[in-house]
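In what follows, subunit A forms one complex with subunit B and a second complex with subunit C.
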Partner chain A sequence: MTFEIVSFVVLAVATVATAIGVIAFKNAIHSALSLILTLLFLALFYLQLQAMFIAVVQILIYAGAIMVLFLFVVTMLASDQDELALRNQIPWQRMVGGLLGLILVAALSYLLFTGAQVTGTTASHAESLKQAITTYQGDTQAFGMALFHGFLFPFEVTSLLIVVAILGALVFGRRTN
Partner chain B sequence: MFDFMNNPTVALIVATVVKGALLIVILLTAFAYMTLIERRVVAKIQGRLGPNRAGPMGLFQPVADALKMMFKEQMIPSQARAGIYVLAPVISVVVALCAFAVVPIGNNWSANSGVHSIWDPFIGDINVGLLWILSISSLSVYGIVLGGWSSGNRYSLLGALRSAAQMVSYETSLGLALSGVLMWAGSLSMVTIVHRQLDMGIWYICAQPLGFVIYIIAAVAEVNRAPFDLPEAEQELTAGYLTEYAGLRWSLFQMAEYINMITVSAVASTLFFGGWSLFGLTDGIPILSIVIFMIKVAFFLFLFIWLRATLPRIRYDRLMRFGWQVLLPLAALNIVITACTVALGGDRFWWISGVAGLLVVVVMLFAIRRQGILEGTHFSEVETGKPVLPHSVRLVTYEQEPELEQDEDSAPSVSQPPLARNSNTVQV
Partner chain C sequence: MPLTAYLIVSAVIFTIGVIGVLIRRNPLIIFMSIELMLNAVNLSFVALSHFLDSVDGQMFVFLVLTVAAAEVVVGLALIVSIFRTRHNIDVDEMNVLRG
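Now for the complex of A and B:
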């Protein structure tokens, strides 16, 4: 138990530090690298929760695919300028950002300290998830079963949405003759 | 003395560290000798001798190379971002080494899939082994992109961007090609996939010929080897992302490339060629399984060298078009074929997807050959207007050239001699 707590604290501090780095770095590439580290640390959180599949998929999709595209664009567009131009800042931007952040922290700590328990339907979901993992001998199998049997319709709708998005990008990117 | 090994957790950690260290030593040795073997084999294919001075048959050449690399000056260009510039090759190597962790190099020491020991010849048999390899190798592009960007050189940046685009494009086909195997095996664990092949009595190459061909093509592109070595195309980009690197840092990038080659070869032999198995030969003797696995991997490594010595580099736009318009749809087709066969009745009908896949492969090869010939033909017969084959295909050279050259000024309607316009094909 102590090992779990210690590793959680270390991970949490590292994750928060890299997440702050994303917005604190002046150089876009450094921000992107910081974001990659944050995503990798998140994968470690999943590992700590014994969710192998989600952890690896987190690395594969976010750190491996999406961030590569980010970096691709950033290196191509911002290769010459060292620092982001900060002149387009809205004056009250920082204040509102800080306020919203405070609200988020307050809400999360309220949930945390009033002991938000897993109750009601959430609890039964968690219980059935545990059962599914034992029935299908592994979280990958359980995940696949849930995705293609329980949640097939939302899954298909989501993929349709992505296709629509791709088509939209295609229309915008098409050369007009 | 070894009392601490009685604690299972400590024993597991110790065993993992020892196996990891051993694996790294093996991989680095393999990398060193791959460079020698590659130079020797390419030299043989090109009718040269290759490095044969250092030691018997040039066996000490890697040592000499390593010494030379170590004592080279480590420069950091004035335009470079020093931190990332130094970090990039390290990222490449670390990522390449990590990916190998889940590959089963041999059978369990007990030769019984049910009896495990902490010293079994793989570092971890995790439930998502194949996804682990895919996800880790998708990180390998960072080393290249960051190295290219931080060098502060246009050639480096262009090479890095090319490589990022290429690796992202071919990763999709690579992943889809492997999902056919997953459908047969029903598991992502590399160890289980090998055992499933033993249970079925066939290697998955028999059930998945199309998946295998797509995997091999995508893998060559994924590790940036010839004929897909566009990130370092020397005629266009000097040396691509490697331009500003020298000495040890340069050899770290090389190391990453070769280790990636070994990894994709190991994955190919595990998923499609039964891993460490060979017709029941390895049942009683686990150590033999390691030897057999190494032979299989060596075959694929030789294939990589062979390809490099044989094929010219592909043009960049064609590379992209091939990846998205040919490989990706075929990989999807492979999934459809496999899914239908698996749904039809499982293991007994593996030959249906085998035959169908083989058919598609043959058709694909013919179509590519035909298209290659037609696209290499930028000129047509003067009289009939029919497209004709380039000289390299016709095997007839210099038939009418002198007369046509004389006619050029007097008759502009007559097209130029084929040789002059045919800049895309290799002249014999």
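Now for the complex of A and C:
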């Protein structure tokens, strides 16, 4: 129990610190590296919440594939853009941004502490998660069973979304001349 | 740990993403802030999935992951395309609709 609390606090502090690093670093490459750390810490959160498949997918897809794409574009474009944040800044932009952020986190926390009434309904027609994990001998099997039984249609729509994204990237990446 | 602790961490990360979108002017960092917000929501999905003892939340995380990948592909292609025509990626100077 104590170990659980300590690991949660350490993870929470590390995640929030690296997330602040993402928006605080001047250099976009440092921000991207900080974001990779945030994603890795979130994967550890998922492990703590016993979502093994999501944790592995988070590391492979997010911290791997998506961030490689990010770093590729950052190194291609932003090497000479380091001074971007200093030039021509709207004077009260940071103050107003921070104030609005404080209001948002206060409102969210207020809602979480007072209004959060969580009741469980399942759409996947599956049994409860722990039951499914023991039935299918693992988290990934339970995930796959739910994905291909209750969530088959959203899964297929996802493929359409990916095709549209590929077409969009092709159209924007094409040289017009 | 109680569910509320995870949701608070999620809310804090989401807010950091919002602040990043508000105060930064480099579109790449704005994109990273959007990724932060998506991941904050993913954390709350996984936490709710764990505490409600249902696998549905993890399904939504899977779908959010796919949408995030598609969004990054199109967004970065847009940024590269803008950089190619204007040689500058300051969001405050993107005020012309024609290319």
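Here are a few things to note about the model shown:
Operating definition for what follows: the second predicted complex is superposed on the first by the 137 of 177 C-alpha atoms of A that agree within 3 Å, B and C clash if a C-alpha of one lies under 4 Å from a C-alpha of the other, contacts with A are read in each partner's own complex, and residues count from 1 in each chain.
Convention: a residue touches a chain if its C-beta (ideal position, glycine included) is under 8 Å from a C-beta of that chain, and two chains touch if they have at least 3 such contacts.
Predicted, not measured: the structure shown is a model, and the values here were computed from it.
In the superposed model, A:I59 makes contact with subunit B only, not with subunit C. More residues of subunit A lie in contact with C than with the other chain of the pair subunit B and subunit C. Once the two complexes are laid over each other on the shared chain, residue contacts for A:L69 go to subunit B and to subunit C alike. In the superposition on chain A, A:V105 contacts subunit C only, with no contact to subunit B.
Judged by the touch definition given at the top, the superposed model places A:G97 against subunit C, while subunit B stays out of reach.
In the superposition on chain A, contact of A:T140 is made with subunit B only, not with subunit C. Within the superposed three-chain model, A:E4 lies in touch with subunit C and out of touch with subunit B [touch as defined at top]. In the superposition on chain A, A:I36 makes contact with subunit B only, not with subunit C. Residues common to the contacts of subunit A with subunit B and with subunit C across the two structures: 53, 57, 65, 69, 76.
Residues 29, 33, 36, 52-53, 56-57, 59-60, 63-65, 68-69, 71-72, 75-76, 79, 138-140 of subunit A touch subunit B in their complex.
Those residues of subunit A whose C-beta lies close enough to touch subunit C in the complex are 4-5, 8, 12, 15-16, 19-20, 22-23, 28, 31-32, 35, 38-39, 42, 45-46, 49-51, 53-54, 57-58, 61-62, 65-66, 69-70, 73-74, 76-78, 81, 84-85, 88-89, 93-94, 96-98, 100-102, 104-105, 108-109, 112-113, 116, 118, 120, 122-124, 126, 128-130, 132, 142-143, 146-147, 150-151, 154-155, 158, 161-162, 164-166, 168-169, 172-173. Of all residues in subunit B, those touching subunit A in their complex are 84, 126-128, 131-132, 134-136, 138-139, 141-142, 145-146, 148-149, 157, 160-161, 164-165, 167-168, 171, 188. Put simply, subunit C touches subunit A in their complex at residues 1, 3-9, 11-20, 22-26, 28-29, 31-33, 35-36, 39, 42-43, 46-56, 58-59, 61-63, 65-74, 76-81, 83, 89-90, 92.
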